[in-house]
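Chain lettering (A, B, C, D, E and F) follows the sequence in which the chains are written, and residue indices restart at 1 in each chain.
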Amino acid sequence: MNFIHLSEQLNVYLMIGALLFAIGIFGFLKHRTLVGMLISGELILAGASLNFMAFGHFRAADPITGQAFTLFIIGIAAAEAAIALSIMIAVYRNYRSIETRDLKEMEG
Amino acid sequence: MMTLLHNDFVLEMIRLVLYAVGLIAFAAFNAAYLSLLERKIPSWFQLRYGPKEVGWWGLLQPVADGIKLLTKQLLVQRGADVVLFKLAPAMVVIPAIMCLATIPFSETLVPRNINLGLLVIFSFSAIHVIGTMLGGWASYNKYASIAAARVVAQNIAYEIPLLLILVSLVMITHSFNLHTIVDQQAGGFWRWNVLRLSASPLMPVAFIIYFICMLAESNRAPFDMVEAESELIAGAFTEYSGMGFGLFFIAEYANIVVGCALGTILFLGGWHCPFGLLPGLHWFLIKMYFLCFTVIWVRWSFPRTQFYGLLNLSWKVLIPIALANLMITAIMLKLF
Amino acid sequence: MTFTPDTFYALIAAVLFAGFVAVTLLGAIVAVAARSLVRNVTGLALSFLGLAGLYYFLHSPFLALMQILIYVGAICVTIMFAMMLAELHEETRSWFMTILTGVGSFVAACAFAIPLILLVRRSSWMPAPAAQVNIGSIEDLGRALLTRYGFAFELISVVLLLAILGALAVARSGRKPNS
Amino acid sequence: MTLAELTTRLQTLQGSTVTATDHSKQGVNLDITIASNVIPELARLMSEAKFALEAITGVDWLAEQQIEIVYDFTSYTSGIRVAARTRVSRETPEVATISDVHPGANWHERESHDFFGITFTGHPGLIPLLLPEDADFHPLRKDYGA
Amino acid sequence: MSIEAKSIHRETFVINLGPQHPATHGVLRIKLTMDGEYIDDAEPIIGYGHRMQEKMGENRTYAKFLPNTARMDYVAALFNSQGYVGAVERLAGITVPERAEYIRVITAELNRVASHLLWAGAFLIDLGGFTPLLYTFDDREQILDLLESVTGARLTFCYYRFGGVCNDIDDEFVAGTRQFISRLRSRMPMYHALITKNIIFRKRCEGIGPITADVCRRYGGTGPVLRGAGVAYDVRKAEPYSVYPQFDFNVPVYPEGDCMARYRVRMDEIVESLRIIEQALDKLPAGPVMAEKVPRFLKPPKGECTFTVESARGSFGVRAISDGTDKAYRMKLRSPCFSNLSLFQECSRGMLLADALALLGSLDLVIPDIDR
Amino acid sequence: MWNYFKLIATGSWSLAVGMWIVLRHAFKRPVTVQYPYESVRLPARYRGHIELKREAAGGQPKCVACLACQRACPSGCIALDGVKPEGAPRKVLTLYTLNFTTCSLCGLCVESCAFDALQFSKDYNLASVRKEDYQMDLLTPGEKHS
């Protein structure tokens, strides 16, 4: 595997996708806040879309397939983020259970 | 090794380096001399002289200011998030300069002619929001925090009408390529997109909406909620000093230049002469700097809008009109 | 190997590629590992910027720009905005729990990652197609979206519309008069 | 409310001496001397009569060992100006607050507390207003710093 | 309610607006308790520029206190002098020659115009518009030139004396004033087109920071703040002093009580003041400008009196108590800004930060006048 | 709906008018005075710091050291002294200093002078970084008293 031709290897992209996925899983389990889980979820989706893109580019007869799928994933992710964030704001508004240390710490 | 000195390759490398250096120099030059104009033009409006001591007509004033900024220490206040605090100016200034790289200044002077030029500018200018916001948040200053929250709401609100206008424009021109868009407007000023009433009778209004959104996106007065000095001192940049502030400054003017250049390209026929004669860089610069002058002119004419007034303007006025423009454009395209 | 301008370009491209990979992965790690939520989002934004670069290497600049425009320009900004609006912060847990969940999550992530990477290395994919039906340009993408994927496209737009309405409804429901 | 009506109303207050004064000589229309414990009642009466509190003036009468407190009321409708004065002892100057009736009195009372050490009982926060936060002196008393 | 009330507690944070802040025009500090961008509580903290003027009034002879009066409300210094001089004259029973009274009215009204012009510019700065300030300053400079030519100072005019004024006005001043009146009149439409009709300005002022007449009454707010709340109270009309009854002028009143009403009141007052000045110049009698037989070291008889004038910011009152010596026994100075600021805490509750600053600006505060 | 469009129209028009007014001012001459190069005309009554009037013949100060100005000064910034030489008709000034750091430029000293011996100077370039420069010796003008 030549360094120069790294960007033309399917496996490289697949591994990056796998790592992103794993990092996403790690974050999903580690974080307990909604935002943390949302971030991790976006990473998992990113790993998946990178796979789609890589397969679409290297192995599909029609490269559009992968791109279209990734576009749909982006759309879904946007919808997911909007919903999740509005839920967060609504939860916060009703319960205000989450600490607000920082703004209080700033003296005066 | 000999092949490395191949003529084309050397030329290409020289071109790349020249454009890279040239763009950064252009951004810095604009920041410097637009800031001088930012002081000179209001001085005419306000019956004053403006800077006139450093150099003839104050022409060396920006140099003096630059030296002052460079020699000042970048202070980081206690409690600030140092990494993000130092990352933020870079995140603001790099996308701004990258946007500049796609602007076709004339028929031949194009740093990088990308097919998706318009989209490139829009995606990269979206990054500066995060940069400004990080700067405000990382400053550990309440005024800066408020400004950080404001910059997001403002930019989200104004991205929508801006994109709607651009979608209708892309529908008319069938292209994301800025070069192609300009070439379609060759001829006289009546062929410019701003007067392309056959495509949509709302085109002049669309230009005004574009201009307003551009002001709001680059956080310029009367939409300068982010650095509203009578409320938030210097907003997100309150804690920045020295070149940290200088970079924000360069980015602000680079954004203005990009916005004005894009307005020139999309609506005012780019490098084409209004009478169809002698197209060239000078026409582009004249139009672009006229828009820059208007930006400054607007800034010094009006009070600042309220925050919710700004959102109201976007949601209740600009977005409906932009949507109407989009629909009219679609109908006209289908009909004719 | 002769050193031609082409190899020089390829070297630059390779360095850029390595840079994008590094930014993607480092950003992703910051996005999950940093303790401050704002840093997490910044990491996410960086990771997506790197990912956009990778998409560019996969010959789809349109997707790369959409990635920046939507993920960085919209989603990351919205997350940050929500954090500012709701003043969200990471919960503080005891160091024991922190280490325990950290180690547990790491093990679980490895349990996913190692088989996946092994799978990638070991498996032999079907060979590349002899010829591609199109070059994956934006025109092709647009045509495909409106013909072959027309149904999915419409579905996505309905989902987005519902998401917007749902987000409005949820966010409004929490609003109390006088507060 | 006319001057005559107001005079009769004020005369009903316990222990009050109401004097009609020449505005061109004194600058006020009515001058009332009243016991310090009737002040809240007076304030309510003035509030009902739609009078605004213009100022609270303390005067340190060192010779009499008394502190006089003058309340200036103005009516924005009739232009009548009323000065109500009461005297308290200099050692323990205490008078009930009127800031519950006239919120504007809050600052005036804090100022008088700063300068004269008058305690306005029932005041929500009698902390120094114009003087430094830790000020324990009363500069307008005649024996201060003299 | 109980569960709700427990779960919803407001998350607030404190911001110190000032003592050095672009919007506080001096050393005013406002402790803002914010709920996001909304103000939960705004507590003005004053006294940073406190100089104990009242004690100085007791420690100095009557004449020596004169320069101090210009140093409280330095933007409209002549009103403070007018109030102080009036109180001492009332105490000592000095009658002022009519020409001196006319000169006092002319200069004081000029000062009122200057003060309102300065306010209009500074208010626009609070709202983020910079250019109108320079135009109002241009006009204000003309007034200061006029006043300088007669008093010798541009800001801290120490002009009024017990029994008159220290310098007579000359024809040049009269001509200059007439010229200025026509100049400012011709510029008022420009101001209205540039500021009053501007949609951004209107959006930032109309309905913003409402102050009702009752709030004014409870806090003792006076001046344009009160007249902007729909109460036609003006000391010049309610308790006529000096020669004001001889002039025909209106008291501008706007019932809305918002920032726009206060702005309009001040702009109208400029026009009314110009009318007063014009009438005074027309009727200006000849004669001395100083009463005869005013002793150099004034010793008013024992007694007490108040004297209230309509300053540019509201009613400025002086309560002077004399014990028969050459120094006042008590010199109470009632400053209008003091009361006008005290209502800020109540009125700013629940407002947005930007709107609260518009309200603060519209109160026209001069901090040294509050601190005294 | 009608109001909505009307507001947009009038609002845009008002903005255009505002921009036009501002632009019109750009073609007017600046009104500022560039201070070090040009200076404003001082009026005859300009109140600068005080200086001693001198006799037309001989250049001696007219001052007779009556101390009226010192008594009139609210800030106590005038210090003067005079001696009466044998046989002279009036006292001769030996010391006249003005502590300009505390002077409030009120002009009461000039008014109090019964001998027309004081006047205001037209000197307004009084910036200095040394406090001692403001201890003015008016007897020997030009030399700073320290």
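Please note the rule applied: a contact is a pair of C-beta atoms (placed from the backbone, for glycine too) under 8 Å apart; a residue touches a chain by one contact, two chains touch by 3 or more.
Bear in mind the structure is a predicted one, so any value in this text is a computation, not a measurement.
The minimal number of chain-to-chain contact steps leading from subunit B to subunit E is 1. If you tally contacting C-beta pairs for each pair of chains, A-C comes out on top. For the pair subunit C and subunit D, the distance between mean C-alpha positions equals 71 Å. Put simply, the C-alpha centre of subunit B and that of subunit D have 62 angstrom between them. The distance from the centre of subunit D to the centre of subunit E, each centre being the mean of the chain's C-alpha atoms, comes to 24 Å.
Subunit C has residues 62, 66, 74, 78, 81, 85, 87, 176, 179 in contact with two or more other chains.
The multi-chain contact residues of subunit A, meaning those touching 2 or more other chains, are 94, 100, 103, 106. Only residues 42, 45-48, 142-143, 146, 149-150, 221-222, 224-225, 228-231, 233, 300-309 of subunit B touch subunit E when the two sit together in their complex.
On the subunit B side of its complex with subunit C, the touching residues are 1, 3-4, 6, 8-9, 12, 81, 83-84, 87, 114-116, 119-120, 122-124, 126-127, 129-130, 133-134, 137-138, 145, 148-149, 152-153, 155-156, 159, 176.
Only residues 2-5, 8, 36, 38-39, 42, 45, 49, 61-62, 65-66, 68-69, 72-74, 76-78, 80-81, 84-85, 138 of subunit C touch subunit B when the two sit together in their complex.
If you check the complex, the residues on subunit C that touch subunit A are 7, 10-11, 13-14, 17-18, 21, 24-25, 28-29, 31-33, 37, 40-41, 44, 47-48, 51, 54-55, 57-60, 62-63, 66-67, 70-71, 74-75, 78-79, 81-83, 85-93, 101-102, 104-106, 108-110, 112-113, 116-117, 120-121, 125-126, 128-129, 131-136, 140-141, 144-145, 149, 152, 156, 159-160, 162-164, 166-168, 170-171, 173-176, 179. Contact residues on subunit F toward subunit B in their complex (touch as defined above): 8, 15, 18-19, 22-23, 25-32, 34.
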